[in-house]
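Look for subunit A in each of the two complexes below; its partner is subunit B in the first and subunit C in the second.
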Partner chain A sequence: MQGHYLLMTTLLFLEQTLNGLQQGVMLFLMAAGLTLVFGIMHLLNLAHGSLYMVGAYVCATVTQASGSFLIGVISALGACAASGMVIEILAMRRLYAREHLDQVLATFGIILFFNELVKILWGPQALFLNPPALLNGTMEILPDTPYPTYRLFIIAVGLIVALGLRHLILNTRVGMLIRAGATHREMVGALGVNIDWLYTVVFGLGAMLAGLSGALAGPMLAIQVGMGENILILTFVVIIVGGVGSVRGALVGALLVGLVDTYARAFLPMGLREFMEPANADNVGAAASGMGIYILMAIVLLFKPSGLFQAYKGQS
Partner chain B sequence: MITRIRSVQIVTLLILFSLPFIATAMNQPFWVDLSTRILIYAIAAMSLDIILGYGGMVSLGHAMFLGIGAYSVGILTHHSFEGSAVPFLPGEWTGSMSGLVHLPASILASSLLGLIIGLLSLRTVGVYFIMITLAFAQMMFYFMISLPTYGGEDGLNVWGRSEIPGLDLSDSVTFYFVCLMLLLAFWFIARRLVDSRFGGVLRGCKQNEQRLKALGYNTMRYKLIAFTIAGAGAGLAGGLLANLNEFVGPGIMHWTKSGELIVMVLLGGMGTLIGPIFGSAALLLLEEILSAYTEHWMIVLGPILLLVVLFARRGIYGFLAGEGAKDG
Partner chain C sequence: MKFLPKVLGLCAAASLTLGMAQANDKPVKIGMITTLSGGGASLGIDIRDGFDLAVKMKNGMLGGVKTEVITTDDARKVGNAKQIATRMIKQDNVDVLTGIVWSNLAMAVVPSVTKAGKIYISTNAGPSALAGKACNENYFNVAWQNDNLHEAMGKYATDQGVKTAYILAPNYPAGKDALTGFKRFFKGEVLGEVYTKLGQVDYAAEIANLRAAKPEAVFFFLPGGMGINFVKQYNQAGLSKTTPLYGPAFSFDEGILKAVGEAALGVHNASQYTWDLDNAANKAFVEAFRAEYKRNPSLYASQGFDAAMLLDSAIAAVKGNVSDTDAFRAAIKAAKFDSVRGNFKFGSNNHPVQDIYVREVVKAGEGVSNKTVGKVFTDHVDAYASQCKM
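So, the complex of A and B:
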């Protein structure tokens, strides 16, 4: 009996760990783009979540029309990269030299615009999307332990993107420019690199990552207006924990936040039930477990006010 | 001699004092409620401007204090109405309906929260501070949503306005003047504050905090006090808002509300005390006018904000008071 209970707990822990990793890689896709844009252009882009929302809507619509999730994801990537680059050219590049306050306000305006645009185009009702047939089942990760294939797929995609980004930043010419631009932007410009073009490309890349995150999230949650802002704020927590401007920090921060959030939601109400009435425990647990990641953030702040990994010094 | 700044102030006060009478004379009682809303948001925006415009602290979580102030009134009324004890307080106190308890409670609760959040978030500067204040505000937002005792996502009805001896707050003109008096009182306090030595240090923090530190000032302490006072102001506004709407919901602390408060400050004129009053009036009136034409008014408001940031930095006060007008 005792052994059985232990096995159950271990399996539950394993399952929650995978859930946490899955949430973590989604957050990483968001945080990587946001932190790159901040690291290089010093732009705080609140509208990053809007691109996530656009990615989810475009993917769901195209998937329903074409019947293929792959085509849906590819169109979402294209749509987000394109809208990101258009926003960059029309508005963002005028904001790079401004103070953060102006950037907050201007990108806040862009969020209001996108939210309303989506409401006009798709209506106020939420959309729902099923995972593609190939991934819409479960896999036995251990004998007799099924786990949704789609979530495993997301973890795999996230890790592949992380490796790809690492390769892009460390081993390619664009990556070299990105690194150089983050630390010595005047010098990069003086050496004859077309800075405007580099910025547009980086912004488009960040937008594409946000779109990928949104497209992949589509089959797991209700696609609705405002979904971008919820994940945006989680992404901020990731960046605060990981350190602004650091892609490695974004990965570590995202996985930490994903795991802490999932563990808190799964185990805190369970733990409270040991010494509280079940109904009370569920109430208190729900309220307290949502605060888990913010407590993580506060602890990191107390010891490392600029995050676990700091990409470069001298920039607040 | 009456300067241009002085005349702007006098005209503003004249308008504020005569508005309810004009509305009543024109048989538009709705205007009184709208103007009251403008006054209340003006208090909140003015409190934000103390830290934003004078202290250079870009807080994107100010609506959290508005919410805590509103929930203080909502929760005390709720317990008084149900006759149940307020949790986490000693004794079996069953809340109160008195405005003389409600408003101090709003101020106290939000200052306490301001002190705690300030202690944590003021360890950081710049973009970190923006993200952290937003994250903490969102934490409070989700916390209130997950508390079913106080209505959760649906919010809490406030059964009747606060009771103040000798005043009937359910009369909208009386309530308007109570809000106006509180706005003027807060304005007066804020004026004294920013003109004092304390205000000088606060302004110095915005311009060059390193230099102040080198001069031996404990800038953290000044910023923390300013942050707490700003929280208290927004808490007061929240308590009034709960009275005006006779309802409190988590929507009041949604992060877009924090964004709107920043918009009000910038639209009216950052770093001036009278500016937030204009900003509050401008945003709420714009919302009122645009929403009469289309339910999708946000699609117009968004680009307007973008244009204001890009091209009109000095705000309405800067426009009215002219060049060289620094403060008012």
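So, the complex of A and C:
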């Protein structure tokens, strides 16, 4: 009986680890774009969550019209990259020289704009989107533990994107410019690189990643106005933990935050039940598990005030 | 000479209203604080639409008096709601406040409204404190006390022979009330009781724990977007085939069903209102609502509509003299209006005494919808009425 209990607990722990990884991967897709924009352009972009929302809406609409989730995701990527670049050219470009407070104000305005736009275009009701039939089931990768195939798919996509970004940043010309731009902005400009163009591309890339995240989230979550604001707060926690501007930091930070949040929610109330009244344990557990990621952030900042990784100082 | 008909029309309209308006040329002002943006927006929008529809059907005059409705979005934030309430009371000088969706906002706003001598009509939130010890003669709830629909589900699950259940709700006053209500009438064993963050989007961790606990049934209270997230993820985890979901209407309202689709088929849930209820007031309401908004009214819309019709009856009873608070209050308490849910009256603590039904999610045309299948409670009184001394 004891052995059986231990096995069950181990399986549950592994399943929760998968959940944490999956949450982390979603956060990474958001954080990668945000950290690039913040690290390279020194721009605080609160509207990143709006692009996530646009990604989900476009993906749901196109998937329903075309019957193909793949076409839906590709359209979402295109729509978000395009909106990102338009936003950059129309609005962000005017904000680089301003203070962070001005940027917060302006990008907050963009959030309101997108929320209203989406409400006008799609209405206030949440949209419907299922995972494609191929992924809409469960797989028993752990014995006795059917795990949603779609979540495994997200983990896979996230890791592929992480590898792709690593290649882009370390091995390509654009990546070199991004790294150079993060540390020696004026110098890169002085060497004749078109900085305006570089910024537009980076912003579009970040927007595209946010759109991918939103499109992938669609089948699991409520597609509704304001859905990006929830994830945005966690995303900021991620880039602060990981170190602003570092994509590697975003990946490590996102996985840490995803795992800590999931473990806290899953096991804290359970653990507290061992030495508290169940009702009290549930109350305390619910409150404490919500704090898990913020405690993580505080601890990281205590030892590494600028986050776990630094953005491309020397070679990283 | 194009303007002549217009002028004549205006004169006619003016003389028509003149007769009624003499004693009260001052309009009745109603302040509506509700959630119109963010994750809980669909609830507030339904309430507002229901309320506005009633005002429109009465030609902008509740109880025969010109009615001005000031609607403001609280974005589900306590701070916003408090600020808006203060402004409505002090600056706009409204006669009645209404509209709040969420219990944590209601707890922060209602006491200051009633203290200022204004009437508050709750269109949704019914926290236990305001029904019991902290009840107030100026506070009326036209929806339900928070526990009610969950109590009905607890009784229904027991009647269905469910022996073990796993229960979840968000960590805020209505979440606590929900699980308390369910447990009050559920006679089986509760294997796990989980409070999640208000506005949480991912439930993978909770669902994994829940599966490991192997309950016979799951009861959950997650209104708005939270419910959509949970039902989708529960279904994707393959659990809907083995472990049935039970919930209050809040977890399966028309907006949620539209977003989760067939994932919710066959689920049972409890409500005081469904659009298929067979009474004259409801038929007229559903027809007008569909014509105006091109969708079926949810329970939230019915609550907004009933709040306006209740005010209509009370304003008419005092002939528009709403500043006579004692008379106005008595007229509200009398509840002389035809509720779209059928039976309705106020109990001793100004909360509804009403029937609660169980309904099933069925296929309807292209999508899915709720169908009333039975009645769980008749003239149900909430559990806190006896604690209320007024």
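What we mean here is this: the second predicted complex is superposed on the first by the 309 of 316 C-alpha atoms of A that agree within 3 Å, B and C clash if a C-alpha of one lies under 4 Å from a C-alpha of the other, contacts with A are read in each partner's own complex, and residues count from 1 in each chain.
We take it that a contact is a pair of C-beta atoms (placed from the backbone, for glycine too) under 8 Å apart; a residue touches a chain by one contact, two chains touch by 3 or more.
Treat the numbers as computed from the prediction; the structure is a model and nothing was measured.
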| item | value |
| --- | --- |
| Subunit C versus subunit B on the shared subunit A, clash or fit after superposition | clash |
| Which of subunit B and subunit C A:192 touches, first, second, both or neither | neither |
| Which of subunit B and subunit C A:229 touches, first, second, both or neither | both |
| First, second, both or neither for A:244, with subunit B first and subunit C second | first |
| Subunit B versus subunit C as contact partner of A:283, first or second or both or neither | both |
| Partner chain in contact with A:102 - subunit B first, subunit C second, else both or neither | first |
| Partner chain(s) touched by A:143 [first = subunit B, second = subunit C, both, neither] | neither |
| Partner chain(s) touched by A:269 [first = subunit B, second = subunit C, both, neither] | second |
| Clashing subunit B stretch [against subunit C; choices 1-9, 55-63 or 145-153] | 145-153 |
| Footprint overlap on subunit A, where subunit B in one structure and subunit C in the other make contact | 115, 229, 283, 286-287, 290 |
| For the subunit C and subunit A complex, residues of the former touching the latter | 37-39, 41-42, 45, 171, 193-197, 199, 201-202, 204-206, 208-209, 211-212, 224-226, 228-229, 232-233, 236-238, 255-256, 258-261, 263, 295 |
| In the complex, subunit A residues that touch subunit C | 8, 11-12, 15-16, 19-20, 22-23, 115, 124-128, 130-131, 136-138, 145-148, 150-151, 219-227, 229-231, 262, 265-266, 269-270, 278-279, 282-283, 285-287, 290 |
| Of all residues in subunit B, those that touch subunit A in their complex | 52, 58, 60, 120-121, 123-128, 130-132, 134-136, 138-139, 142-143, 146-149, 255-256, 259, 262-263, 266, 296, 298-299, 301-306, 308-310 |
| Interfacial residue positions of subunit A with respect to subunit B in the complex | 38, 44, 91, 94-95, 98, 100-102, 104-106, 108-117, 119-120, 229, 233, 236-237, 239-240, 244, 283, 286-287, 290-291, 294, 297-298, 301-302, 305-307, 316 |
